[in-house]
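Structures follow.
Next, two complexes with chain A in common: one pairs it with chain B, the other with chain C.
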Partner chain A sequence: MGGSVLEYVILIIYMGGMMYIGVYWDKKSNDSESYLIGGRKIGAFITAMTLQTTSMSGYMFMGGPAQAYREGYFTLWYAVGDGGGAIFNVGFLGKRMRRLSYFMGCMSPIEYLEKRYPGKATRLVAGIIAIVFVYGYVLAQFLSAGKTMSQLLGIPVPIAIIVGAGVIVFYVWAGGYMAVAWTDFIQGIVMVVSMILIFVMSLVQVGGLTGLNEGLTDVDPTLTGLWGKDNMYTGQWGVVAGAVLIYLIGYMGLPHVVIRHMAMDSPYTARRTVAIATIWNQLFIFIPYIIGLMGILILPNISDPEMVVLTLAYKLLPRVIAAIVLVGIMSAVMSTADAQLMLMGTMLGRDIYQRYINPNASDAQLLKISRGCIAAVGIVSVIIALIQPPGVFGLVIFSFSSLGAAFLPSYFCAVWWKKANTTGAVASMIGGCLTATCWVAFNLQNVTGMHQFFAGLIVSVICMVVGSQFGTPVSQEMKDLIDRASCKLKIPAGLASANFKQIAPETEGVINFLKESDYMEQAGFAAKTF
Partner chain B sequence: MILGLQPIVFMAFLSWPITYIVVCLIMYAYMGHTEKKERAWEEAYDEYVKKGGKKGQWEEVS
Partner chain C sequence: MEITILKHGYQMEDAFERLYKRSKHFKIEQMGTLFYPYLKATYEVIFSEKKLKRLNTRVICMVDLYTGRISLGKTQGTYFTQNVKDEYIIPIKVGREEALKGCPIEVSTALIQQRKMPKVPKISLEDDVVIYRPFYIVECLNEDNENFHILFDAVTGDFSLLDS
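Presenting the complex of A and B:
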């Protein structure tokens, strides 16, 4: 597929816009906190969009539809989990993590783990796992951006990688977290609009959902069954559980995703973020897979199923709209890559340089070093991608599963289980990461019928629970901070009643009654627990 | 058949967007409910600190 002038013009406008956002925020990011986590000033809309677009990579435009094209409805197990990801991620983790990270003064997700689970081992293990696997993820996204541009525009892969990665590195380097968040916001809109356009046009073509399902049943009844084409996954509940859980709860273990909780302008932003992100999810997540299914009927002989979305766009939409779909694909890739690149800069600057090399680094020095690290990681990634490119989707699944299994229990228990200690966290990170990695390396999914993420998660949770029974218990100061993050500490009695008035008039009535009858004093209530 | 699918297949795959919207609304309402309590708690905590209580360290005051 070669590009025409129209595709080039639209892509240049889009990339120019992204770079402008980087330059714009460059002037406003004056200190390390604003550069690394947006000064903790990100509102609900931007948080929701950056959270979701970071979570969705180019896989949603290419890999997901292709899988649905090959395996039928079974692939929608991934969408079933993904659709509820925001509810779990933001609803259960967002508010508490925002508070605890603020109380502990953390600016990176690894620093957060290190302060919650104090010890050299936490730093070392979390740092190594995060840097290695997030780097693998960055590399995969750069390759994905390059290959997509090359296929769509007909330019050589090396040039496409240099251009695609160059634009991402530039705006992340210049504008930091705010540039990443705002570009993600725009990219999220482009992604959902372009996907809905193709969905509606394809649906008209196949005669609605009923027409699609009847058509698929005519082609092969197993395509509309529960267990995949030719019933290839019959009874493999371990694979189904892994497919649902990987995106339902897996995001809680990805450092480049959970850092979004830390950057919210208030813990209460989480509430609106859950609503916005969940609605966006329902508009976006199921559609790519259903488009893949429609491709079976509309494009029965397509040679490369990964191109089903784009081929449908060019077949069913005006050329200028189809070119916007192309931008949608680039948006999906770039929104994930920029967040990971930003995280690499944060970790290398804050967690490595400031901690080990120059503990007395000034704010200006930290800013300079973080920017330098982003540029260095970008350049090295491009060189590796040009010299010896690994497989994109294998690298993504490998990195995602290992990161998710390694960190999920540690991030979740940090705010939900006060007894989770350093021993448990370190054991959980090592156990989860090793299990998921071995599962992929030795192809154990085929032998056991269990998804690598599910296997890694089980080991990781067991290690956390068992490990936390040993080693140094959590300090009282940390327990107090966790209680404070969940607003569960006792409020002094003299202060509680004044604040009850804001909750409900009937509560005030009850308090007055209790005061008048001296019941509280007689019963010995010194403080009230919420 | 629902939309050309066996009911169990429809429930397994296509009923989720509506389900998640409903769950999200419940969660939104629940978070709003706890938010009032948490804001009251935070104000009480600030007042406690103003009156000489130590920040980050809890001592029961009678």
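Presenting the complex of A and C:
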């Protein structure tokens, strides 16, 4: 276990290295004519990599393995869904959403919903749901950071959570020079390499996958069954469907994930992203769960299953490597947490306070509100973590289910169903979110045998279909945009893949100008009108 | 009308070359120039007079005077003036006051987020001027002889499809 000078030295060196990389890339970007916001060109590789790592860091090494440790092979249903998640997410939404958001000139996933489903209620409902449940992710990151720090520095978990949260605040402040995308990317790589290292060492220890199966059967044959430990989910296909679907299609409902589609440099990037993300998922998604299963054999008496990966690191790897692995994991978690905190602060300040409470707020007021919210989120998280810390797995699944059930039909129908209107979208968001939340609050999964995500999704879809029969129909202008987003015109791939996002707003402006003016005729084009 | 134009990085023949480098499976039929209006506002951003002086900076706020959208940059650019036919100029739809209204909050939010600096900077407008950015509208034919159009940024060489 940690706690010696070695761990402290490695922690300082690693953090210093990250700061250096941040400063280096930040200076590089200042030399170019790059914009401070918007217009980022994100290619297929980075899109595919960040799609998973930025939102899942705490879950990957803590929540997933812990659940596998508790429930055995049943947990792999989640991984099966996740393995195909990229195909569904990028394949169904990627290209069309990239195009539609480009045509509408949107910069954020909430703004996208508001423009596709015009109305104050859309932003209010979507903003509140996103803030509340993204908070679940933030809390999960705090818990993960605290537990990792406890293992690394050998201090009690409650103190580690306070220190971890403090470090995150410091990181947010001192990390001002960092080019966040690059450090996140590098930390993501460190996290993945670390997991693979632990996976290989554990596999050697248990005698390969055959040894793992035999060992688990000896411990408890139901651990290798498809219905969970002690066959607790026997015949509950609603639970299985939910476990598979949550990651198979649930990503399509996560605002902080679908924003990746909007950031792609071209709609055609989606194809390459699907391929890369799918290969990546097959290689990596199963690993944390299998490590959890191997933990049953290597660490049969561990008191907190969420510590299984961290404990295995110290048990199986040389101490220096184990410390590096833990520091890498912790910093990846922290960078995810600070990005999510920033996102929440911005949403609270701009989408809620400025929009509904004080439209004439000065920039100073807005920033005070945002910073106050971030501080409050930090303090409340620490209090919750200290008084009654929820499990990382449960927290992530709960947040994921509620966000997915709330937003999936709205994002999906935005590009696939022209009749989907504001009434349907708002009803769907409220219905889906409430159902998934109540399912957890009243423990309805045990009563009905149906997973919270599956139940929330069904209600959300019904609300969307029924709600869209009422209220203001979708405008012809929006229908035209949706048609354009599904354009079948044969464009040479070389041109289509270089569709630069930097000039997206101008493109929309020019399209409108060409429609309104007689420029085409004046300039002698074959197409006299646009 | 005499306007101030951001200097071209790409003449029409350069644009031809750049597009054909990307693909040979289409034909350029026609090309025309269009001038897009912006308000270029320069802001001085002061985070601190003392310790954190190095964080102080100068930011260029470019407001799209057709749609009102704001983007931020750091370089001033090179300009020249020229007489251009009115029909080749996109008309200004956003007034100066309206255009400048949203700039300070965009500048401060972007800098706070980028630098993660928990301090409200002082932002003051140094100057503002209306400038035009040259674009080319390129009419092309695909292999099925269908018409499609490209918007080509004559300054940066970026381009975007207008029909899809």
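Keep in mind that, in the parts below, the second predicted complex is superposed on the first by the 361 of 530 C-alpha atoms of A that agree within 3 Å, B and C clash if a C-alpha of one lies under 4 Å from a C-alpha of the other, contacts with A are read in each partner's own complex, and residues count from 1 in each chain.
Heads up, the rule we're going with is that contacts are C-beta pairs under 8 Å (C-beta built on N, C-alpha and C of every residue); 3 or more make two chains touch, one makes a residue touch a chain.
Every value quoted in this text rests on a predicted model; they were computed, and no experiment measured them.
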item	value
Which superposed partner A:Phe286 touches (first chain B, second chain C, both, neither)	first
Contacts of A:Gly404 with chain B and chain C, given as first, second, both or neither	neither
Chain B versus chain C as contact partner of A:Thr278, first or second or both or neither	first
Contacts of A:Arg484 with chain B and chain C, given as first, second, both or neither	both
Chain B versus chain C as contact partner of A:Gly105, first or second or both or neither	second
Which superposed partner A:Gly84 touches (first chain B, second chain C, both, neither)	first
Which of chain B and chain C A:Gly328 touches, first, second, both or neither	neither
Chain B versus chain C as contact partner of A:Glu214, first or second or both or neither	first
Touching both chain B and chain C, residues of chain A	267, 484, 487, 489-496, 498-500, 502-503, 526-527, 530
Residue ranges of chain A in contact with chain C within the complex	30, 33, 35-39, 99, 105, 172-173, 175-178, 267, 338, 342, 346, 350, 363-364, 366-368, 371, 484, 487, 489-496, 498-500, 502-514, 517-520, 522-527, 530
Residues of chain B touching chain A in the complex	3-6, 8-9, 12-14, 16-17, 20-21, 23-25, 27-28, 31-32, 35-45, 47-48, 51, 53, 56-58, 60-62
Touching residues (chain side chain C, partner chain A) in the complex	19, 22-23, 25-26, 29-30, 32, 34, 36, 55, 59, 64, 66-67, 69, 71-75, 87-88, 90-91, 104-106, 108-118, 120, 123, 133, 135, 137, 139, 142-144, 146-151, 153, 156, 158-164
Complex contact set, residues of chain A against chain B	73, 76-77, 79-80, 83-84, 87, 91, 95, 103, 208-214, 217, 224-226, 267-268, 270-271, 274-275, 278-279, 281-282, 286, 477, 480-481, 483-484, 487, 489-496, 498-500, 502-503, 526-527, 530
